[in-house]
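Two complexes are shown next, each including chain A; its partner changes from chain B in the first to chain C in the second.
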Partner chain A sequence: MSSVLFFLAAIGVITGATGVVVLRNPFYSVLALVIHLVSLAVLFLLLRAEFVAAVQVVVYAGAVMVLYVFVVAYVGGESDSIGERLRSRGAVGSGLRLGGAILGGAVCVELLIALLGTGLEAINGYGAGYSPGPQAYGTPAYIGKLLLTRFLLAFEVASFLLLIAAVGGVVLARRRGGLEDEDERDLLTPLEMLRPRGTGTMAEGVGRRSP
Partner chain B sequence: MLAVVGYFEPWWIQILKAILIFAVGLQLVPVVLLAERKLLGRFQSRYGPNRVGPYGALQPLADILKLLTKEQSRPTTSVGLLFAIAPLISILTAVAAFAIIPFGDTQDIFGTKVGLYGIDVSIGPLYVFALGGIAFYGIMLGGWSSGSKYSFLGAMRGAAQLISYEVSQGLALVGVVITAQTLSLTGIVTAQKGMWYFIPQFFGFLVFLVAGFAETNRAPFDVTEADAELVGGYNTEYGGGGFASYYFAEYLNVLVVSGIVTTIFLGGWLMPFGIHPPGWVDPIVVLFKMSLITFLFIWIRATLPRLRYDQLMSFGWKVLLPLATVNTLVTAIVVVAVH
Partner chain C sequence: MIPLATAHLKGPHIDFAGLSPLIALLGGSVLVLIVGLLGSRWIRAQAVPSLSLGALGAALGLTIWQWNAQKSIVSGALRIDDLALVLNLVLIAGAACTVLLAWRSLAAREAAHGEFHALLLSSVAGMSLLAAAQNTVALFVGLELLSIPLYVLCATELKREHSLESGLKYLIVGSVGSATLLYGLAMIYGATGTTDFAGIASALSNGSLATDPLTLTGVALCVAGLCFKSSIAPFHQWTPDVYEGAPTPVTAFMAVTTKVAAFGVFLRFFDVALIDTQVSWGPALAVLATITILVGNVGALGQSSLKRMLAYSSVAQAGYMLAGVVVSTQLGVRATVFYLAAYLFMNMAAFAVIVARERQTDLGDSIGALAGLGRERPLLAWPMTISMLALAGIPATAGFMGKFYLIDAAVSGGYTWLGVAIVVGSMISLGYYLPVIAAMWMREAPAATSPNDASVLAPTPGPLPALAGGSSELDEDGGPLSGSQPEVLVVAVLAGAATIFFGVIPQPLFDLVHGAGSGLGLF
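Then we have the complex of A and B:
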């Protein structure tokens, strides 16, 4: 039973990840990423890492991807410009292709180092046995204890970094005039509010017609 | 190896429980439907449905038969596969979330130890939040793939609303988890032996209940399907079976939120004043408390008008979230000071 689940989830992970790259419509790419993340959560569940699985779904599929879907559904089929620039002849196209190849190679080498260096040794072993209990390895209590004792510094630094990112996002949005004040909103006439570019019909959302 | 989460029960009991949970959920939804229509009628000084069967009791059955025998149709602008899948996601997550509500302690039934709940996971409420996060895709895909402006706007509102209110809902529960020192829902219930948590965690209770109204898209937070401005919101283009699925999922979600509130704040299967009834009374106690919360849902729908969309957002971020944060902080300080 667990091996059947494993193969189903593994197929989901791989097809999802492939779909993100291969699919042309950005909306379907985002949906493929959701499938990838949920299948990954199933894999975590099979490893009895229930907390990690739940957090994976809550944070990634439930919050981050919701924002992605939000943005992509609003912007619609306008975002195919990178593909066209990649295929274009001339300095820009060849530069992009070269940069892409170098980056891809670097990621591949890095993954190989990580896999050959450490990961493969663990494959032959069986790992620690599973012992259920309120304080067992991988339970929320255990993870919380580790985060507040051994990894306290990393935990606090990461939360500080996220805070800085949030404040930075607000500052950038203000500078570009994205957030208007309460009283400015009333100055918009109904004509201006009628139909902003690219937030119109579903045909745009599906990518059949660009605004 | 089948037992990934509920590791101490034989496999056949788990399958039986899965079937039982689905059957119970399926039976409860028409009851809630009828109760809502009857009560709304009374709140508005009319009778409500009273033609089909005695006292109109067969009305939900007639409704469901009507919906399921309708012709299936979809708009030409819709995206076929997603249009068909979306209601399924909604219904799947609603039923799966129902599995976590404990209806009683572990009972001895014919010599086998059986817990009166679907699963008792060590992550507890996080399971519900994870399923809530997936349930969003049911609404979102339904609205997006319909190929209609109204559906799309409804789905988009649903997305923003879900993100805003899930944060406060989660934070409201942190206070309870700190007090109970466990995430398991049965553990939280047994930790309430002395006092039900809606007294020490009153603000957490309020925030969770209000955020629960928003998460289930019920009045006064039902801007996703605001019929005055959006026709029907995300399910505008659905008819027949698809609409019935969304309807079913919505009412099952109401039941799930009632069950979670019962479990976490109202002492689950515990009776007040330390009365210890025999084990078979437990599910009745839980169902009674759940029906009280469901009655509150209906009462508020009949009482309060719908919020405007920007009011909804500012209420979520500027009132509920700070309140939940302060509640968590105060609870943590008190628990540390007491220990």
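Then we have the complex of A and C:
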């Protein structure tokens, strides 16, 4: 049963990944990526990583892919797709394609050598036996415990990383207008933050603030 | 079903003293972000950089307070030892110089001061984390905390196409590098079954695991990923474009501190965790170092953009520093750390002069912007001269001592030919460093600058004449052109002076890096 499931999922993973690269229409590429990610989740399940499999489906196949679909639907309606443009560039484009294919093939060969040549016995086995229970390897409880004990620092720093990535995204998105925006921006002074508007100051009396 | 209350979870002991420099940097980053939203233009333009200097100062003080500590903190995620602390000092000094260089820059204004400095400080925190990480998970998170703010910082001059191009290129190449490194780390975890450096080392030390194809593939992918980050040939192609396109203060920051962090990882990860595979990666890294020295030095010849020239030069310098990693001895670690510190002074002096000239002339960072600088502004010309001589490795500069130390380490580690490569590379490098000096001292100032130049022969750092060619954007709000730039001058002069000082009296720096070598358990 698990062998059948493995081969089905493996075919899905490889077909999906190939489809992402080969398909011309970006919308189909995104759908191929969904197939790839869901099949990958099945492979994770076979490895007894239930939590990772669930996260894979919920976060990637769910949330991230919906974002991709939105973005493609929003901006991706161009007639010439990226692949066409690369091809029409002539020598440079085709050279890049050839170089990319050679490098990809080299990495593939390297990984095959690594996986087939290794002396690790676990690679030929069928993985650890299934042991039910809340503290078993791969369960949410086990992963949560690791995040709060052994990998506490990485966990905390990752949360800061998300904050700073959001700040960076805002910096890039907001500043399209250039420097002029800065002067027109409604500035907050500490006083304004403490005192609600309309509480009767001279400035309000002469209509300078909140007219 | 077991109720949650019975699951007793004891958190790890958190050594806040050891973490304090990191906390100062991250806390400073958040504080700067908030202050950047408040108040007047003055507060944003002056108080925010002062606050970020304050945060760096606090981190510096806390680093010195932790001096001589030898401990693993937060369940073994970080190792606080002399190597981490010395690298912290170099990182903080580099970041402080960057804050000064960016004080009046267009990049900080376009990105809003609060955000710019918050990104800068969090990037420094990531580097500091990276220099101390002894766990592959902490290593990768630190690398991302370093990289993601830097991608944005490169693109902060949003109206300049080159800046955006630089940010995008760095994002794509950097992501490929990160992914490669992650792949390698995963393979090493798969082979050894642990993420701790000490655990990896002990797993590799017994049995045939050190020569297993899976381990070696992991090591190779890690080497490739780190080479992307430290721009070692043949993974350096992004360097010239990104360095040229990024705002100059950010380029200065990238050139110095990213190298410090990447070499911190090289030293700790390769000399602690992967030391038993040294017979495999040592020769490979030595070949990479030689290629890097050749490619960087030959590529820098004939560049007319100073930033591009310094980018190729930084590739070559990375090759020199890799020699200290290759030999994996205490002497090698010391030589690399010494060179990193010297590299900070040399590069900061050069970049400070480029920043100053970019604001004074409309020639940008081309070599013509320096023409006639020797007679016109000796206070800028001398640091640049010293920096160029030091980068080339002329005696009586810190660069010479650093190269000498590296060659010594290479020769005593059995890699004499690598020492020869360093010498040959330094000889080639004179071919592009000396024209810069010649342009400053032997060429006439370009007519485009100003007819007033004849009246400012004296080396006064006082108000400069209003020069032609400044864009209207720079001129507004008493822009850099109308006022002097004392902070840029201070960085240039101090960095130049330090280059000479540590070239003549290297003993304090030797003492500083001495402990860094002994903490890793090498002989």
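Keep this in mind: the second predicted complex is superposed on the first by the 125 of 211 C-alpha atoms of A that agree within 3 Å, B and C clash if a C-alpha of one lies under 4 Å from a C-alpha of the other, contacts with A are read in each partner's own complex, and residues count from 1 in each chain.
Methods note: a contact is a pair of C-beta atoms (placed from the backbone, for glycine too) under 8 Å apart; a residue touches a chain by one contact, two chains touch by 3 or more.
Please read these numbers as outputs of a predicted model, since none were measured by experiment.
J.: Is A:Val22 touching the first partner chain B, the second partner chain C, both, or neither of them?
T.: neither
J.: Check the residue A:Val34 against both partner chains and state whether it touches chain B (first), chain C (second), both, or neither.
T.: Only chain B; A:Val34 stays clear of chain C.
J.: Regarding the shared-chain residue A:Leu161, is it in contact with chain B (first), chain C (second), both, or neither?
T.: The second partner, chain C, only.
J.: Using the touch definition from the top, say if A:Leu152 reaches chain B (first), chain C (second), both or neither.
T.: So A:Leu152 only meets chain C here.
J.: A:Leu8 in the overlay: touching chain B, chain C, both, or neither? Say first, second, both or neither.
T.: In the superposition, A:Leu8 touches no partner, neither chain B nor chain C.
J.: For A:Thr139 in the superposed arrangement: first (chain B), second (chain C), both or neither?
T.: First partner only.
J.: After the superposition on A, what does A:Ala63 contact: first (chain B), second (chain C), both or neither?
T.: first
J.: Using the superposition on chain A described above, determine whether A:Leu103 touches chain B (first), chain C (second), both, or neither.
T.: neither
J.: Considering only the contact definition stated at the top, list the common interface residues of chain A for chain B and chain C.
T.: Common to the two interfaces on chain A: residues 134.
J.: How about chain A: which of its residues touch chain B in the complex?
T.: Touching chain B: residues 1-2, 27, 31, 34, 38, 41, 45-46, 48, 50-51, 53-55, 57-58, 61-63, 66-67, 69-70, 73-74, 132, 134, 139-140, 200-203, 205-206 of chain A.
J.: Can you list the residues on chain B that touch chain A in the complex?
T.: Going by the criterion above, the answer is residues 1-2, 4-5, 7, 77, 79, 121-123, 126-127, 129-130, 132-134, 136-137, 140-141, 144, 146-149, 152, 156, 159-160, 162-163, 166, 182-183.
J.: Taking the touch rule as given, give the residues of chain C at its contact with chain A in the complex, in rising order.
T.: 1-2, 7, 9-12, 14, 26, 29, 33, 37-40, 74-78, 109-112, 115-116, 118-119, 122, 125, 129, 135, 137-138, 141-142, 144-145, 148-149, 151-152, 155-156, 158-159, 167, 187, 190-191, 208, 212-214, 216-218, 220, 473
J.: Which residues of chain A touch chain C in the complex?
T.: Residues of chain A touching chain C: 110-111, 113-115, 117-120, 134-135, 141, 145, 148-154, 157-158, 160-161, 164-165, 167-168, 170-172, 175-176, 178-179, 182, 187-190.
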